[in-house]
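What follows is subunit A paired twice: with subunit B in the first complex and subunit C in the second.
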Partner chain A sequence: MSVLIPATLAQALSALDDAPSSMVLAGGTDAMVEINGGHRRPDSVIAVGRLAELRTWTHDVISATLRIGAAVTYAELEADQFRRWVPALSQAARTVGSPQIRHAATLGGNVATCSPAGDGLPALSALDAIVHLVSITGQRSVPFAEFMVGPKRTSLRPGELIEAITVPVFAGWQGYAKVGVRNAMVISNAGACLAVDDEGGVRLALGSVGPTIIRCSQAEAFAATVVDHGQRAVSEADAVEFGRVAASEARPIDDHRSTADYRRHAIAVLSRRLLRRAFPNG
Partner chain B sequence: MSTATREGTIKGRLGDSPPRPDGLAKTQGAFAFAGDLSADGFLWGATLRSPHAHARIRGIDLSAAWKIDGVAAVITAGDVPGKPTYGLISKDQPVFAADVVRYVGEPVAAVAADHPETCRRALAAIVVDYEMLPPLFDPERAIDGSHPPIHPDGNVIRRQRIITGDQSLQGEVIVEGTYELGMQDQAFLGLEAALALPDPGGAGVELFVATQWLHEDRGQIAACLGLAPEEVRLTLGGVGGAFGAREDISLQVHTCLLALRTGRPVRLAYSREESFLGHVHRHPATIWMRHHATAQGSIQRIEARLVLDGGAYASTSSAVLINAVTHVQGPYKCANATVDGYAVRTNNLPCGAMRGFGVVQACFAHEGQMDKLAAACGLDPVEIRLLNAMETGDSLITGQVIENVAPVAECITRVAALPLPDAPVGGRDGDPLDLPGGAGLTADPAHIRRGIGWGVAIKNLMYSEAFDDYATARCTLSNGVASLKFATVEVGQGFVVLAQQIARSVLGVDDVVLEPIDTTIGSAGSTSASRQTWMSGGAVDGACRLVRERLFELVGAQYDIEPVQLAIDGRDVIDTMGTLRVSVSAATAGIELVETFEHHHRPTEELDENGHGNCHTAFAFVAHRAVVDVDPELGLVKVVQVATAQDVGVALNPLSVLGQIEGGIAQGLGLAVMEEIIFTDGRVRNASFTDYLLPTMLDMPTVVAALIEHPDPMAPLGAKGVGEPPTISSTPAIVAAIRDAIGRDLSRVPVRPADICLP
Partner chain C sequence: MREINLVINGSDVQATVADRLLLSDFIRDDQRLTGTHVGCEHGYCGSCTVLLDGASVRSCLTLAVQTDGHVIETVESLAVGADLHPIQEAFRSNHGLQCGFCTPGLLMTTLELARENRDCSRDEIRERLAGNLCRCTGYHQIVDAVQAVLRTGLSR
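So, the complex of A and B:
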């Protein structure tokens, strides 16, 4: 097995072009598990975790957007400025693994793995993030909802790398909550991200309860009719109904980690609680 | 416990908590665990395992595997030169399945090759022709005989009843419940690993292995290899935890066979996934109990039926069953009992020893019953337990009289006096990480309810039922330095430091050298059953005392003083009736005093068919109180505090005792709320630490511990075993606290979120 540690993004792309079946390695927290478990046996590895081009982020005040390089780690996303700009993503970062994992794990790796349980993904879905892809032949940008096409299935093409992810910086409340069976370092059995956008829309995205991250259009539409932005208020009964509608939009399964019934129930509770956190009055 | 060093103790001696000889290397990552072993020119070994729970092997084709470049050996049942089976109590488990596989993961063949990747390809090239047989997964079908025997020894491994006293007594108050426990894994961090070095010409073999009992391994390995025991030499490889999972043979025979077959060193090591298949687990159990009591709450009679799923092979199931049935009363007085227990064979993973050994199962049930009884009698959990607390001199339902110190009431009252957590729900600084759900940020303090629960336990110490259990140690004293030789396995519990403390205390020396832990001395017995402080501690103490007698004779002769007048004071030998003071190093300059001692505990008896007999050696007691915050809507739990008082006899090394208490509580918490091997049709679904969840720092509560110290006259150093009790009643205490918080009956562990929050 050959391992290439390219110095520039251009080098990485041309190496990938030469050998499109290479394994791209960022923090390795998914990739090494696959290799050690014998599920993947790559002939060559291209390590992108230290590429300066992927390690940066840019906050554009004019457009109120944040562009996050694919190799930015979850530990970095926990930091204060991200908590101000994208609180839900920053909270999601804190729920990932252990400190050791968060120091290695990257947002790009999470997006490329694209597990329905990936903790960064509900926030990207709720924020309508754009995934920037780059290859030797050029760049393209894909809305997250189109990037994730199934459980661990993406529209990434051979020879492409994820370069960055762009999210809007909203002024409104946002948060993420995830249910697992222990209090840290646990795979999500159900997760929900709620964000209030600059038009006052309530956005809700669910993780671990379907083949992809699920945006709850019905619950969002219902919220639009019941929340009071000025008072930051919603009635308890409406919050309960919001949770019920969100749960009805979930498509959970039974597996060894949990049951569909429990996951659906958890979505109802999390969605209700998140809405109440966003609209604590009334 | 505030301090690890007692007043009046001398540095490094009994009562102190000196640094462990293996401590620094372990914390720095420099300690060599068995998985780190290697030898010049070694080959890698690997095991082919059955993908089926129950199937007949019609044929095995090894030809393609042999053809792979780099493959040095491919072996199956036909290559076992000696006894084809092994086992701790009955030898019913094949080294390799010959005609039938009985669980998913059963070894069928093994290979040795130049590289792990070659091994993998060789395993993939072995073709086994299986014919499916109907699997037996339901223990009740093993009992009722409705499934044909899946093993020549039958489907019931052991049935044991206890029939005591009035069989028709009906209490004024009757409470009843059925309790279930899932299969817990020992989940040690240091995976199974061994390195075998063959003697020239195959005359013998040397094995470095992480195990719990070198001599028992040696006997079983030698029998399978067709060698004499002395032709098989074992040295302990660094052990990263055991908890019972290393009592049985796993890779030992395979590694030796491959080394003897190839004439080269062979290293075999399991992955985490393979480890789940490669060792025995805690028995899943279903326990029905009915307690009869007076209106005031005094227990009069217990009826119980226990079914333990032993899986495909017997391992220690019969002994686990005995522990379970003989502990159904818990640490409470009871005169009448009707108990029926089964350990059965199924096509699930084999089960055997795990910390608590049958008592964990019984305790979860009897403590659930105690709370029901308290509620039925209008008492609180403490009152009902104090009312029924056992004392020295009481009889168990087996007729055995408790001769040990039995401070049950004291354990309970000491715990009751320990402070409850002063922080409110959610912690003092409102850190959301302290709420149920932790880092998932699922809850706000207003969602949470707090509960308090109790668990109290009795645990037998050492082996039972007429087993002649002993431990051996040798002490050499020369130039003021003691050196100790024993085969006592260090699994992390700290015997290595305790042995040094004993030698320092008895002989007045500072330097104690530990010789390699291997089979060049007599057996030390197993590092299990909370027994090594008592047994090997007794052996080291005995050997050191013999040496000290020789030392006193020597000094006595030299100075013309009666040896009985001499004593050790600090680092000196002194005359208690005169003025002589001579240092131990001066007294032993240029000479060598060597003594070996074998410590046996008192004999025990087998149970008769009615479950009567003095089957256990000794007992220890413990009480736990758990404070738990619960999110009733999501079913998530945060254990806030566990307070405990434990009957330890004497804390010879207080820090080690605290380590056992905290670790045991972590394991008890795991069983209470998260640890379970999940199966579908005998196939493990969660054979990884991604999905088999162990408690993290955020799941661990604050532990407040009180040590109850009444030296036990039966124990060589006054000290009782402390390893198992912390695990046993912490589980029911935590579950009781969850019940208390949500007002719902919970009868199964681990408690799953849905058990708490869904109808």
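So, the complex of A and C:
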């Protein structure tokens, strides 16, 4: 196994073009586990975690968007400014692994792994994030919903890297909640992200309960008919119904970590709670 | 194989390493700093925690070649001869260890926290230590030890 540590993004892309089967390495918290476990034996590795081009972020006030470089870590996303700009993503960041994992783990790595349990992904789905991809031949941008095509399956092409992810900066409430067997260091058994967009729409995305992150169009449509934005209010009965509709949109399975029944139940509870947090009155 | 230059526990180190070598194995086998323990090699247990440029990381999920030009601190940086570091002294006097396997990782995680130089609630301490598993103590005395260090500070 040979490891290339390129100094620039251009070098990384040309190395990837020369050897498209190379394994890209960012924080290593997924990739090194696979290497240590013998599940992947790459001949060549390209380490992109320290590339300055991928380590930056830009907050564009005019367009109210935030472009986050792929190698920005979850430790960074936990911090103050991100908490203000993208509270749901920042909350999700805080639930990833432990401090040592978050110091290494990157948003781009989470997106590239694209596990339905990836904690950053429900926020990206709820926010309709754009994933920016780059290769030696050029750039393209795809909506997150088109990037994630299945469990750990993406529309990334050979020779491409994730360069950045763009999300809108909304003024409304947003939050992320997850259920797992511990408060830390766990893969979520069910997760939900709720965000109120600038048109007053309630958006809800679910993790760990389907082959991809699930956007709950029916629960979102139901919320539009029952929430009172001026009073920031929703009735408890309507919140319960919101949770029930969200659970009916989940497509969970039984596996070694949980059961479909429990996951559906957890989604109903988490969705109701998030809606009540967003609309605490009434 | 390639040459790397880094700082380990305050000393300049130059070494020639295989690309595939883990930082944990480099520290233990090449540098003979066997205080850093290797438990799971999956990033879960936290025994291999070291500081990389001051931030706690898993040395088992890091390649030695990735530390070229960087600064590593291991548990051996703490005691001066037989003179225990305040964190080690707090773990000793609060019975924050039994078998000791997890202790190096916990000490390094605590060092990172103590450098922030602020008091923390017990809940916050537990959150910060969540990535270091201990199968002996039940954690209670470890939290006591960390709380004691945060109150008295790092000066010897």
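We take it that the second predicted complex is superposed on the first by the 282 of 282 C-alpha atoms of A that agree within 3 Å, B and C clash if a C-alpha of one lies under 4 Å from a C-alpha of the other, contacts with A are read in each partner's own complex, and residues count from 1 in each chain.
Going forward, a residue touches a chain if its C-beta (ideal position, glycine included) is under 8 Å from a C-beta of that chain, and two chains touch if they have at least 3 such contacts.
For clarity, every value in this text was computed on a predicted model and none was experimentally measured.
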{"item": "Which of subunit B and subunit C A:Q81 touches, first, second, both or neither", "value": "neither"}
{"item": "Partner chain(s) touched by A:H256 [first = subunit B, second = subunit C, both, neither]", "value": "first"}
{"item": "Which partner reaches more residues of subunit A (counting touched residues only), subunit B or subunit C", "value": "B"}
{"item": "Partner chain(s) touched by A:V3 [first = subunit B, second = subunit C, both, neither]", "value": "second"}
{"item": "Touched partner set for A:T137, first subunit B, second subunit C, both or neither", "value": "neither"}
{"item": "Touching partner for A:K178 - first (subunit B), second (subunit C), both, neither", "value": "first"}
{"item": "First, second, both or neither for A:Q91, with subunit B first and subunit C second", "value": "first"}
{"item": "First (subunit B), second (subunit C), both or neither touched by A:P99", "value": "second"}
{"item": "First, second, both or neither for A:G37, with subunit B first and subunit C second", "value": "both"}
{"item": "Those residues of subunit A which subunit B touches in one complex and subunit C touches in the other", "value": "36-37, 98, 182-185"}
{"item": "Complex interface listing, subunit A residues touching subunit B", "value": "36-38, 91, 94-95, 98, 175-188, 191, 255-259, 261-262, 265-266, 269-270, 273, 277"}
{"item": "Complex contact set, residues of subunit A against subunit C", "value": "1-3, 5, 25, 27-29, 32-33, 36-37, 45, 47, 49, 75, 97-101, 103-104, 182-185"}
{"item": "Parts of subunit B lying in touch with subunit A, wherever the complex brings them together", "value": "120, 271, 273, 433, 436-444, 447, 633-636, 638, 673-674, 678, 680, 685-686, 690-691, 693, 695-699, 752-754, 757-758"}
{"item": "In the complex, subunit C residues that touch subunit A", "value": "19-20, 22, 41-44, 46, 49, 52, 55-58, 60-63, 65-66, 68, 109, 112, 127-128, 130-132"}
